[in-house]
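There are two complexes below, and they share chain A, which is joined by chain B in the first and by chain C in the second.
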Partner chain A sequence: MAEPGKIRSALAHCAIDGVVAKSGLDASISEQAFVGKVVLRGNPSDSEFLATVRGALELDLPLAPNTSSETPPVSALWLGPDEWMLICAPGSEAAVVDSLNAALAEGHSTVVDVSDAYTVLRLSGPASRTILAKGCALDLHPRAFAFGDVARTMIAKADVILHQTADETDDGGPVFDVYVARSFADYLWRWFDKIIN
Partner chain B sequence: MKRQRFRLPSGGRIDRGDARAFSFNGRRYYGFSGDTLASALLANGVHFVGRSFKYHRPRGVLGSGAEEPNALVQLGAGARTDPNMRATTTELFDGLRAASQNCWPTLRFDIGGINDRLSGLLPAGFYYKTFMQPARLWKLYEKFIRRAAGLGRAPTERDPDRYDQQYAHCDVLVVGAGPAGLAAALAAGRTGARVFVVDEQAEFGGTMLAESGRHIRIRDTSPDAWREDTIAALEDMSDVTVLPRTTAFGYYTHNFIGMLERLTDHLPRAEAGNQARQRLWKLRAKEVVLATGSIERPLVFAENDRPGILLAGAAREFVNRYAVAPGTRAVVFTNNDSAYAAALDMAAAGVAVEAVIDLRTEVEGDLPRLAREAGIPVLQGYAVVATSGRHRVTGVTVMRLNDAGDGVSGTARKLRCDCVAVSGGWNPAVHLFSQSRGKLNFQSEMNIFVPGESVQAARSAGACNGSFSLAECLKEGADAGLAAARVAGFEGADAATLAAIEPADGPQRSLWRVPSERKDARMFVDFQNDVTTKDLDLAVREGYRSIEHVKRYTTTGMGTDQGKTGNVNALAIVAGSLGAEIPAVGVTTFRAPYTPVTFGAIAGRHVGGLFDPVRGTPMHEWHVQCGAKFEDVGQWKRAWYYPREGETMRQAVDREVRAARESVGILDYSTLGKIDIRGPDAAAFLNRVYTNAWTKLGVGRCRYGLMLRDDGMVMDDGVTLRLGENHFLMTTTTGNAASVLSWLEEWLQTEWPELQVYCTSVTEQYATISICGPNARALLGAVAPEMRLGGDVFPHMSMQEGMVAGVAARVLRVSFTGEIGFEINVPARHGRAVWDALIEAGAPHGITSYGTEAMHVLRAEKGFVIAGQESDGTVTPIDLGMDWIVNWTKGDFIGRRSLNRSDTAREDRKQLVGLFTADPQTVLDEGSQIVERVSEAPPMDMIGHVTSSYYSPNLGRSIALAMIRSGRGRLGETLYAPMPDGPIEVTVTSPVFFDPEGTRLNG
Partner chain C sequence: MLRIPCPWCGERDVGEFHCGGEAHIARPSGADTIDDDAWAEYLFMRQNPKGSHHERWSHAHGCRRWFHVVRDTDSDQVLAVYLMNEAPPDLPGRSS
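The block that comes next holds the complex of A and B.
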């Protein structure tokens, strides 16, 4: 029998002493394994849909492109005009899926657990923007990309969702959470590792 | 310390306290920090540095910067060697090693120099004319041409250096940090805009660095003081990025600029350490200010290519910036005032200036007046008609010009000299502007091309805009910088105009070819490619009219310098021969890069293990540990087969195939594309994208589907599972996972927005483990004791959810092998643990992991097709013998109409069949062509090709699938696969080789 505890994150094979983390000059990178991720799709101009989600999660979905909203412990990233990714604590994704499915039984929407389809690489420290700019074509100047901003973009040759979760003014900031498909995580990890060192 | 004979005792921007040893062609020399390789060579009296491309003529340093066509050297050695490096832009460092190119055995004694004697036999188009016939000898010619072609040598070893890349964005990019660029950057920076200012040189200042400072002032101070103040101010601005040693080499669409920053090229190896060697910047600018300066053009006169003959501006820069005397006795030859500054500066440095030879009869400017006052002889209305000297110029012959400027008369005077400083005027450096697709205007007063209307958000300022005076440069630069910042959304006050004091210039006289009394004298137009006026004349005589054709025929303006010095002279000469005006002839395209860019910088970090993403499944480590050989499927690494100690591939695959048929095999199927499809119209949507019907599929049941493109050709296939009334899970082939999702989205978004359906990729959410074989059910039962697995409750093509090895799983009973099979899907994090549990539980059955090769054999034995292997974009379901999956009654589906086209409906299309070779041990090559009759030699009428071919251990013989014209009507026919070793005889069979009744599936 498999031990249910023997779960493996996307970067488990990169762990040193059980931790997937690297530090370099003015930046560090770590895997945030098993963060709950749920794709929600629905009609943003349907006020009932928005109200139902608010009722279920106490969260207003962000409607402005490339932004996010948060009501701890859940945050929502805008991925498209009718698509969001809900982020929640490890292990709580099933509860989020269940409560949304129950609330959204009527009407047209979809809720899909993608917690294992992606992992999160957390990049933090003063050099974060420069490190991202080695592989990301977006304008990441604080005037153009700030706390809470979200983008679907590419870093090197990997599709990612980029989410800034702390400012430069914060301790150890700025912080970026990079969502990457599980099978691309190893590539992206080695990419960042090369740059940080 | 070795003496540097031509080093001036004082002045210059070099550090005499920091001597640097270097070697050139194996000899050791010394220079100083601040030198370029060219200035250090000249300081040691070395003018003769290379051999020309075609005639192998001795050549010396012509320029002092990026325009240099002659002084191209091989730098470094071993893995760290670079060909075609311009000595004029190579910063000197301790231990630098350089060597001449295009000469053998030595620079001074060069066998290839024979080409010069044979030059009459090597006219323009020589290769085209000589090596055309006979065609069969081309392979022989090519060897020699390749050996003769090119200049330097590419390194043969792996590049040991690292290269960085960086994206950047700014409001204003200023290219060039001469007076115009510095003024622009300062004006833009003061508004608070994000500014990048880049310059190819180590030091900012552009032409100001070549100034003596004696004749010009800015705002009552020396130009250098202003320069330093401005740089300091820019460096203090937090949103201004100052990049020296950075060449903006390419201007692409939407103000995207490619820039190469050289980080360690100027350092000895030990100091470079672990830094990246170069950085490629990919910059997007809202506004661009081009302040790229100008490039001096040589005069085209008889024998104008000897070492020691250089551009006047370069001579001046060597004297003032590098404190190097370009010779001991100089002659200056010019058609404009600027060269008089060179005469004055050389004279001030102690060089004996024999005379200034001026093509003009009237010479009125400030600088000529100062030269006369300094006692420099000026010969007005004279021309240099010949030069002498083999490895170094030793003298010039001058004669009086006639009034028209097309002939010379009177007595020839010989002047002895070891240096000739030449100026034919200045060409604005419009390369980047032209790359941006901006059109050039011809300005006839100075015979220059200047930027016309901008096509992109760019403006030109200073010399690159045809404004050569310092005052104009400063004003245009400041205006352009401020205007650019304002357009980018920033506010700034107009700055006061900077006062500049400088000499006033008189008009110039353009004589595109300086007459000589010797009609056979060679006059070089393009030094790098050895193009003379005669070559251009020949091209015109032979009927070439377009300047682009003349360029290709004569090679003028090609090569690494792209005609920086020669182009305007060349097209003016062609215009003269054609009797046309210069603007009517036009200019050739300015191509990126402005100066060469290393492949390393372009590759950046995308090398080695980071060349392309390598995607692994949640069980990837297991496959690695078990010694799997991997196959690339897109970016995925899929286990191909698992050889045991001493096994060949064939033995391993045979073993894996047998195990799957005889006991139980296990396959990692996680790479299959998976798409969650949900919405009230989900079933209707599937009806439209698949050829078969989906409405009546029960919840918890699976169905195989075939997807066509709108042209009726097979695109993808897979099993789709109904999870709920409005909820499906589609699988796609591994390679098409992303493109099928895009395809579905395209139809939903553009054609059927009325359908209420959402598609979400869940490919990577699940680890998918496929087990099959007679013992598969027993194995699953061992790890999933709570599941009911009997054929009555868990029939083929159905699904159950339950615990497998302690993990909540979705299990599909499906088969791609013809055996009883189960596909176990668990969240990816559990994949490895469940896999391990199955391997452990399967041990009593001798569970065997099999790879993609065995999977291919197993499915081929059953005649199951693979989309993309049997089909190639020209194959319909009917061609594949899959009429059964096309439902003509359910309504429209993508590709339906196309299946009725006369071509797709015709009888003699290629159809899927099986092939048996006459010798059962012969395995056909996939891709082999099939013919009815074998001829002695091609061509033969090819009626089809082999799509899949394997050895089948279960049948004990080879099997093949093939697409054959009217194949289904040919069962039993004998055909042939013609191969280099002789034709292989084959018999057409059914494509189902094994268990055609499908009894094993339900066994």
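The block that comes next holds the complex of A and C.
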């Protein structure tokens, strides 16, 4: 039973954390619950907009497709030519929204807190690419998809945002964060569970 | 498998896209005065060629942006991709 007034993760019922592949595939999966996610839209050719965001977050928005940028504790994922998702620590999304809204009051832009609309499945280990490739049509070879790269795509027919957050050479790497709509989280988790076990 | 080069995201699987039908169909002016035949021509009549076809596509499961594709309806080859505010490119030896 969910306790009233208590935040509950999308996969709280799945006993997902730290699941390690039993099949010999060297990978593990966990849920990064409650991560702050804010969708920002604005005109990338408007230097004033970019400067305002930089002033508010000390972060340069990534302008090249399929890339990300990071100034801890906030990172920005490129979602489209005028759309970004800002990732921040659990609970800090309201502060990010407030500071952006205050800074961008004059211009033409939108800031939306979507933290509870998505959850994050974190897939890590040397076999991660093999596991993702089972359900994703992207070229996931390290020369085509590397540390920091982002793609909005589909895994096993579920819409996801794929973000590589650690390199092959890192301890336990590579690491992929898979952002999936809350309503698809159970399905996608079960799909991963089936693939890695 | 058909692969489509999104102008922003690069080449992706066709499953990520949605086809919006024939491109460059201009809405007739004076919609309240033109006759039903002219209106039906605008609403329903499409080219359906065997060969190059100018189409609108949306990267529905990616960056969600609309763009134009020139596609050979016979070979399914993508001949050109251009933005919504751009004019169709010249494709030598091809008529549309």
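The rule is short, and it goes like this: the second predicted complex is superposed on the first by the 183 of 197 C-alpha atoms of A that agree within 3 Å, B and C clash if a C-alpha of one lies under 4 Å from a C-alpha of the other, contacts with A are read in each partner's own complex, and residues count from 1 in each chain.
Assume a residue touches a chain if its C-beta (ideal position, glycine included) is under 8 Å from a C-beta of that chain, and two chains touch if they have at least 3 such contacts.
Quantities reported herein were computed from a predicted structural model and do not represent experimental measurements.
Student: On the superposed three-chain arrangement, identify whether chain B or chain C touches more chain A residues.
Tutor: B
Student: Classify the contacts of A:N66 with the two partner chains as first (chain B alone), second (chain C alone), both, or neither.
Tutor: second
Student: Per the contact definition in the header, classify A:A133: touching chain B only (first), chain C only (second), both, or neither.
Tutor: First partner only, chain B.
Student: Where does A:G80 make contact in the superposed view: on chain B (first), on chain C (second), on both, or on neither?
Tutor: Only chain C; A:G80 stays clear of chain B.
Student: Determine, under the contact definition given at the top, whether A:R54 touches first (chain B), second (chain C), both, or neither.
Tutor: It touches nothing on chain B or chain C.
Student: State whether A:R190 touches chain B only (first), chain C only (second), both chains, or neither.
Tutor: Touch status of A:R190: first partner only.
Student: Based on the superposed arrangement, let me know which partner A:R152 touches: chain B (first), chain C (second), both, or neither?
Tutor: A:R152 contacts chain C only, not chain B.
Student: Of all the chain A residues, which ones make contact with chain B and with chain C?
Tutor: In the superposed arrangement, which is not itself an observed complex, chain A uses residues 137-138 for both chain B and chain C.
Student: Spell out the residues on chain B that touch chain A in their complex, using ranges where they run on.
Tutor: 164-169, 194, 282, 284, 605-606, 609-610, 612-618, 621, 636, 676, 678-680, 756, 758, 760-766, 783, 805-807, 827-834, 836-837
Student: Quick one: in the complex, what on chain C touches chain A?
Tutor: Touching chain A: residues 1, 8-10, 12-13, 15-16, 61-65 of chain C.
Student: Under the definition above, what is the set of chain A residues touching chain C in their complex?
Tutor: 65-66, 79-81, 83, 137-138, 151-154, 159
Student: Which residues of chain A touch chain B in the complex?
Tutor: 1-4, 6-10, 13, 34, 39, 41, 82, 108-110, 112-118, 130, 133-139, 141, 143-144, 156-158, 181-184, 186-188, 190-191, 194-195
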